[in-house]
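Two complexes come next, and they have one chain in common, subunit A, joined by subunit B in the first and subunit C in the second.
Let's turn to the complex of A and B:
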């Protein structure tokens, strides 16, 4: 077993354990942390495949940005996850059977000849950041632009679904504040002077 | 590169961005301007797509984009159908005080996604177009956010849609692993060189891809989302979802299965046969038990999608043209049927159940007649177009040698006619339960009348549209 293989199996084992943990742990915060761990280990696997750029982007984007936001959301929401887990024991057997069938099928397929390749057919370029950059804006400019449009739709959808005027929220209206008159704020009340006996 | 080839898409995207910017500066009572610009954009894009039809098959943008007559026909039908649907939707949105421009903007983005799918010549582009369409659709379904059912439907649609996209992507990735190609012509070269039924990895990829496509059609056994989403979404969105994207789904089927994997037809035809027969069976049977009109139409959609899949599985030019004809005419019927539902509803009241149809003839004979035409057409009763569409599919299926599926389709259509006729009986022979007047603006009235009359005209003279469909197939060498 070469050193590379040892590293591969080590990271794969951690990845599988983290993925299982993500689904099974009780607390959503732990689940998110497990997901972060699995992202990290898959980034390491990518580095082993000499895809440095993708490995680094996975860490930067998913771990650095997406999952941190995710953690914020989880901590801010008052999540009650118990109802979500109610059916787990009941549905687990069916899930296991389906998963097992698909896993066996995939193993059978991936053992077939076309996938038994020891080395990549095309050698990886020395600098794959440069290689990706060179084709992203030239050969693949059309899919790239569509992906950009998809992100715009995501922004519009998020704003449409969440931005709302809530009548119960308290906020300042500067123009009203400036226009305020003395009469709106101060009320002069005429009272009879109190005598000693009344007090 | 040849960027100019994608002129309709580029024009539509630029216009969407302009409308998006303009809309920010418009006052709330000027929403009409956004709406009108949207409609103009749709018509102008349709003109551009029409102008690009030259009978040639040209690829561009590094082989990712294809321009042929099939794309032209599909694009024009998508754009015109969306135009009609938006006219109908305007009444719904105005009545409900959800008259906001996001509906039209997200709708335009969905249309852009469909155009991308229609003109795709590369599996990656098909996937991206599909995602663009799906993402806009999820947002549209959840669009009435004060309605709990609508959010639930969107959530369901989103989760199941994500799984389906995952299936499709997984199939594409295995195919890429096998062939090393994603461009349709190159994939076809690879598939042609293989013995499909013996090549287990290729069949494995095929199963995932077909499952992803069947989900988009809403065919059994991937139909679970259809009734809930149709019922939960606002009726205007259901109308859009239930009509226009079906054309795009057919485009995906034709491009991915027929064009890039035409040589694997024996492989995917078996899958489509099972999906199609199950859809025709379950859709028609379960629709009988539905009291909610939107759910009933949802199951009826499933049955119709079964017909389209069965037409497409033949792998012949006749089958493909019949499927295209069926899809376009079905989208017209579905839009019209849901438009009548919009017409029957008003502020604070959604026409959803069969009871709401009762006595429509007494309330307004013309609308009752049009609804009857739509229902007849869905049931496939002559002289409406639905009859000819079903007939041409069954003809193609028989010519391809599938005798008992053809018989089964006829039997199921007869069973399905029951629930359409029950609705017609309620329209004409029952006493009305509602007395509120039914009224709509002039543009709505004109379009719904044209839509209804077209159903009869196309049924009497189907050869014009059928000719366009088969000419497009021949030009695209399908």
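Let's turn to the complex of A and C:
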């Protein structure tokens, strides 16, 4: 076994263990941490495959941003886990159906033509990031832009759904606050010192 | 020097162990000076802020208090690590390590001088962004595992703050990457060579400001240190930590400050490049030429300047209110970077590249 293979099997073992842990541990926080660990190890595996851009972006986006917000939500939860454990038998069939649908979809996608290329691109691009950028903004520019638009729509939809305007809340207008000049708030008054007789 | 070492170890060790050993030696050669820099940054901070507030600062231990960092270190080592009741013991103890790991690992791709880098990776900039975004976990986990409402509030504050300012920071770096055409930190610095006027700080001045301000917010320093707001939430996420566990958080914070300082110098101020570049009558002088020429001392000097700014800010500005922090990040810094990147893209498309 070469050194690379040893590293590969090590990371794969950690990845599988973390993924199993994610669905089996009781505490939701531990589950989220297991998910983070599995993202991180799969990023390491991608680095081993010389897909450094994808690996680092996985860490940057999922581990660095998405999972932080996940942890946020989970940490705010009431940590009484008993209700979460209820109804395993009742929900199991639905879970199996969803799992089967995902498995079938993945098999169909992986058997499609773009995934059948056994040999790497020739000549292999020296700089992964540059190669990906060149492809994204030429061959796949429309899917790329459409994906971006969908994401923007999703952001706006999420904000509109959760935005509650409360006319009775006393909100501070920060831009007004920071534009305050000294003259608006303090007045320098010149006056004579008071004498004993006046007081 | 590394070849001599490699030959020496190669005589009685297999090849992969030699490679591993050389890498370990390089890691130690980076980490030890870094820890010393961190220790003396704390001393410098107390002295500088003392000077600004017309105090003397530490002056008891050693000459002019120069041994103060070691006294602090020994005190912290011998203190008891108190683990709060009903805290999550495993996460409580692992959180400081999660904070320190990324702060030190990021130094692997920092070029200290031409070719003087541990890992000369192509996607160095992405690596840095990925690692600096990991630092938040140590704090969030510490806040949650402490089982304290102050720590929890602080963890929520810092989590939202770091995720927000990362965006502005990333966009500022996109500008650097567009100007240099590379993600490799060495190439970014080399793209700024020529003279002091080819540094990226001139064409990208707005991004430079945004980057450093976001850096101050990312390292959770004053005036963005709401996570530690001692008047509201005691000391924030590390309120339950004592002894070494606390000092590791401290170490991570200062290592991150040095990282931001070094990165700002690398991205915008030409890193190891000398400001006298191009002035051949200075750089060709027999002995002084080495001082005026490029080298690691310029990077150290520039990074030290940014460290001074960190301390200066702390002595000068009152703390931001939390909603003001969010407003600054989302409504001011991010729009500035977006407009700047758009203008820069236009300049590149028109072939107008003042930095070349």
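Keep in mind that, in the parts below, the second predicted complex is superposed on the first by the 124 of 199 C-alpha atoms of A that agree within 3 Å, B and C clash if a C-alpha of one lies under 4 Å from a C-alpha of the other, contacts with A are read in each partner's own complex, and residues count from 1 in each chain.
Note that contacts are C-beta pairs under 8 Å (C-beta built on N, C-alpha and C of every residue); 3 or more make two chains touch, one makes a residue touch a chain.
The structure displayed is predicted, hence computed values, not measured ones.
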**Prompt:** For A:75, is the partner it touches subunit B (first), subunit C (second), both, or none of the two (neither)?
**Reply:** second
**Request:** Tell me which partner A:142 touches in the superposition: subunit B (first), subunit C (second), both or neither.
**Result:** first
**Item:** Touched partner set for A:154, first subunit B, second subunit C, both or neither
**Value:** first
**Asked** Can A:105 be said to touch subunit B (first), subunit C (second), both, or neither?
**Response** first
**Message:** Is A:172 touching anything from subunit B or subunit C once the two structures are fitted on A? First, second, both or neither.
**Reply:** second
**Prompt:** So, A:164: does it touch subunit B (first), subunit C (second), both, or neither?
**Reply:** first
**Request:** Return first, second, both or neither, reflecting whether A:127 touches subunit B, subunit C, both chains, or no partner chain.
**Result:** second
**Message:** Taking the touch rule as given, give the residues of subunit A at its contact with subunit C in the complex, in rising order.
**Reply:** 3, 29, 33, 36, 52-53, 56-57, 59-60, 63-65, 68-69, 71-72, 75-76, 126-129, 172, 174-175, 178
**Prompt:** Which part of subunit C faces subunit A closely enough to touch in the complex?
**Reply:** 16, 91, 121-123, 126-127, 129-131, 133-134, 136-137, 140-141, 144, 152, 155-156, 159-160, 162-163, 166, 183, 323-324, 327
**Prompt:** Which residues, counting only subunit A, touch subunit B once they are in their complex?
**Reply:** 105, 108-109, 112, 114-115, 121, 138-143, 146-147, 149-150, 152-154, 156-157, 160-161, 164
**Prompt:** In the complex of these two chains, what residues of subunit B are touching subunit A?
**Reply:** 1, 6, 13, 20, 61-62, 64-65, 100, 102, 105-106, 109, 112, 116, 122, 124-125, 128-129, 131-132, 135-136, 138-139, 142-143, 145, 174, 177-178, 180, 200-201, 204
